[in-house]
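Pasting the structures in now, so scroll down.
Paired with chain B in one complex and with chain C in the other, chain A is shared by the two complexes that follow.
== the complex of A and B ==
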């Protein structure tokens, strides 16, 4: 199916940075502080660091798995078929496809809840949802090049917002909030680490995009850099939130990141979160497109479904799910379920396959 | 002649006589006899296409030679003709083609089927000779532009690029106009694949009359469903030369003063040749001003709509007071207000573009001053909106290439509409569509947003900023040029007086 990708479909290694960064940093950046810092409060940065190291380890393992495959089989679907047989492998692949779709849907649902609460409480969301679906279809139907393109702009936009924001909130920070340092039990920090690692569940997208990266084996540098950039963004946002809010406030604030933005004044503008939150759409679209692309492409490899039909089907499924899931509480539950499933499907699966690939015969 | 003369290229069975007969139906096609001592010759030509003075020279020369030699042979007669490029015994296709390019068909007697010759006597009347760059003006630097005559244009290029590697290929396009289309590139710099691709696309064209190169631009573009121009259109010589030396391919059609060069990227449309004539610090500054201007022009009025309609909170209260004061008598929603003013500006621009320049000037005053002032006094719009709209109209003209500024002015309207529906979220949707669309575009198969996406870090030094000549010694790598090195910059002296004194 995809033996040697022509130049038209491949991406140079640097683009892996954007793809992986997008898959690592998602909508969770808006509210992760609240959940993650609940247990270990001012020491949460250790948890973020530990979780990031864990992700680096996972990326290393994924590279370990992928490098042992032939060039034509170095992707998720082929790996599963190879190590688990065609039946179990196919079942696993379907799980992963659903998992990609689930992640994409939750991102969209979550984001639209934020929009609903924060900007347009009274609005009928259906026209908006349809418009975003058109946008998603337009993006994903452009193939990996277009998805990588939107990931590039999404990455850029987040860096353009987050860094100035950090500088602008400096006067409002209370560094003493970070004291006393290292004051929590290992269990609390481990709990936080576990919650934090769930933010990084998207990393498995690497296994789907890998065959499209030119000299994939040497692209590892960019993958690690992406993990580093993601860790950096999360730690910066976390430290700002801890220094900005008191611990109790942080537990009560639903979207700490946005609450921080709302304090910023620039000449001619205040309440910047109205603008920033909307421009987050770019980032959200890149996340969702990557998930949709991974799902549709894997489906093509598994069942030979034409990706454009699969894409239309996926969007129809999203529409149905929108009818069913209308309540932020439900979405929260779905996100928690997603995280739990992810621990099994991603965090246990990758080391398992890594071990299997280690001991199975080297491919010819 | 069967189905008339329109389907010229396909009627292969026609003889020369048929062709002459079909031409004779026009009164400006004449056949004049020339009798020498022994034989009679006939000259057939369009008197409207040939240079009468050159014809006089020819006849004079022939007369002189026949008196001396008394030879009855066409060949020996034409040996005395004072011009190059005479074709002996051309086939009928060739006759049909060249008779329209100002050639004269000479044959002995009245029978064109035997030996004959085509003598070039093309006239260049009615072409403008002033070649100032009217559309793409620059303050600094040369102001040499192109005109409607192909040979003059190629002369202008050759005069600056004194290398045998500058290759020219001619392709005939247009079933009726049979326009010569010239494709130029520098061998050893331009990627062969690009040249082949461009040539194939040009050869594949089936069209009737080529009025301007920009029509070819649309026909050979990778994607016609886009407002963005996919090839750079320019009338400036320095721009074409620069495109050629960076490895692009340039195409011009006969009768058009515009070259198209490609593969182009989005950023090519925001470069002005002036960037390279000013010191690099200033060049970069003006380039960034230009790019900022374009972004402003795209989003300023839609942002006004979004803020006025949905997000009052974003505006600080001091400014909000002013805004409310200036809008309190305006009976329309911000969307209609903006649309009214934006469309007025478009009317002014369109009217100004169609009118002779002298009337255009007074129109500008009427439109700009009187309409604007009166609109505010009649409470049709607010003062602040007038400022925003006129600024965004102004900034839409900062792009050096007119086609791009058209695209940008067009794109404002969907974004204003989106802003009216979903506020700044609508603008964000517009931005997403725009970015996705740009990522999808290809120019001659190359990504349009390079060097940003796909990222080519080395080419960034001449994108947002125009770096110093000491670092831009290599060609942009996204064009995949056959050789990377343009020139070898001298290593900069980094001595510090303070250290050395």
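== the complex of A and C ==
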């Protein structure tokens, strides 16, 4: 399908940075500290570092797998078909398609819960949902280039508008909270690492976007840079949270990132978290559209369904799910399930395929 | 892709952007709401009395201050009850100060703290304070200032330039949830002319008011817990002729450094305080003319502050409260800190206070 790779459908390697960064940093940036730091408290930065290294390893493995494919088969769907046969491979592909959709839906649901609590408690959500759907349809139907464009803004929105704000909370920090270092058992730190790694489950999107990157094999440095940027933003947010809250307080705060932003106070703008939450919409739209695009594109490769129809179907499915899942508690359970499934589907699958691809490359 | 479709796509982007304008729909204009900036809780004869200061911005550049109050048997329905009395809906998103009457604070404020921090409308920067008489009376006394933020500004300016600690909701919650410290709040008293003034620091144990630090103790707490560049201290000097002689010190710079000598079971701290002070005014009969006299004066000041700090720490130990955060220091400097064991031993904790004061020349006449 990619033999006629024209400029219109490909991306330069730089775009991989934005795409992969968006796939790694999701809605969890608002509340990951609370869950991840519950076990290992001030030592959690080790866990974030370890989880990031694990993701770097996974990216290296994915490149290993993709480089061993022919140019036309260097993507998720073809890889599954090649190594698992057409039946099992097709089943696996369907699992991944559902998984992409599931992740996109959870991001949307999570974000809307935040909006509901934080900005518009009394508002009917349907108009907002429909607006976001139109935006999503517009982005995803524009193809990978539009998705990459929104990912560019999604990346910038956090780096330009959220990260610099953190300087303003410095007067409220308690640096001594980072001490004593390494006061937790290896088991506690491993537990945190596992929870942290679950934040990075979106990385498998690399397998879907890879064929669209010019000089695919040489784009690896951008992928590693994206992993580095993701690790950086998570570590900064984590350290600030640990210094800002007392340990028990962090465990009881639902969205630590937003609570931190809410202490900032600039002239004319007393409630900065409202601005940040609105800018966060860009980030959320980029996350959701990347997931939707990956699902629709894979469906096209697997079942020859036209992406536009698949996209409309996916949005209709979202509407239905929206109707069913109205409770933040349910969403939390779905997120936990998503993470558990991801450990099998992503964290076990990639090393497995990596080993298989190595073996069959030798024999073939 | 057909040309018509492209046109639709091109038109879609501006159309989507116009949707963003809908966000401007919910506006609340200041003269159409009852804007609450200061509110208070009191306990009177078993009932909870809540009150609010509301500014009326009907005329330009003028604010009329209205005090509303209601009583209830719980701390939760303040806004709905008071809303029945107003002609415009109450909005508390701009609340800057929550006052607690002394009697209310002695019964515990955790309900209100949790309620405030759960409510996203309440800013994390909202200040908290305790009123000596009642919150209602203290607020009523500011009504003629035409400023609903009078108390807020008073606390803020005092915490910037003097000893009073301004504590906002986030800082209080930090102490409330923190295992290694107790929080404290500014304490507002009424003077003989029925004017509110910064009168001390309300010391809390868990969420209950247990003591008030007044006078020099306010400065001692500040010196113990943070670096500071503000504060005054009146030092009595040994009187030779029997008359009282005083020295008014200005703290120019002070930096505490703590050392934990033994973590447990019997904790022991060394606290070294390095400070630069200036003499603001001094009794006439005392002259500081040469280096040795200045050094002697420095020793006197050091001994005085050392004694004051030690007495204040002993008072806190006796009350079993930890406003300065000894527990937090031990937690962050010892592995596997155990809060229960630490606070069981807290009353017998040993502290050694060492002050090094450097006298700066000040004033333009001898």
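Note that in this section the second predicted complex is superposed on the first by the 359 of 364 C-alpha atoms of A that agree within 3 Å, B and C clash if a C-alpha of one lies under 4 Å from a C-alpha of the other, contacts with A are read in each partner's own complex, and residues count from 1 in each chain.
Here, a residue touches a chain if its C-beta (ideal position, glycine included) is under 8 Å from a C-beta of that chain, and two chains touch if they have at least 3 such contacts.
For clarity, every value in this text was computed on a predicted model and none was experimentally measured.
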Point to revise | Touched partner set for A:330, first chain B, second chain C, both or neither | key: neither
Practice item. Classify the contacts of A:118 with the two partner chains as first (chain B alone), second (chain C alone), both, or neither. Key: second
Point to revise | First (chain B), second (chain C), both or neither touched by A:131 | key: both
Review point. After lining up the shared chain so the two structures overlap, which partner does A:179 touch, if you call chain B first and chain C second: first, second, both or neither?
Key: second
Exercise for review: Would you sort A:139 into first (chain B), second (chain C), both or neither based on which partner it touches?
Suggested key: first
Practice item. Figure out whether A:272 sits in contact with chain B (first) or chain C (second), or with both, or with neither. Key: first
Review point. Is A:70 in contact with chain B, with chain C, with both, or with neither (first, second, both, neither)?
Key: neither
Revision key, fill the gap. Check: chain A residues flagged as touching chain B and also chain C 127, 131, 135, 138, 142, 265, 270-271, 278
Practice item. Over in the complex, which chain B residues touch chain A? Could you list them? Key: 310-311, 313-316, 319, 421-425, 427-429, 431-433, 435-440, 447, 449, 452-455, 457
**Study point:** chain B contact footprint on chain A (complex, rising order)
**Key:** 11-12, 14-15, 115, 119-120, 127-128, 131-132, 135, 138-139, 142, 145-146, 148-150, 152-153, 265, 268-272, 274-275, 278-282, 285
**Study point:** Contact set on chain C toward chain A in their complex
**Key:** 9, 12-13, 16, 19, 22-23, 93-94, 120, 123-125, 168, 170-171, 173-179, 328-329, 332-336
Exercise for review: Using the touch rule from the top, collect the residues of chain A that touch chain C in their complex.
Suggested key: 117-118, 127, 131, 134-135, 138, 142, 172, 174, 176-180, 183, 244-249, 252, 259, 262-263, 265, 270-271, 278
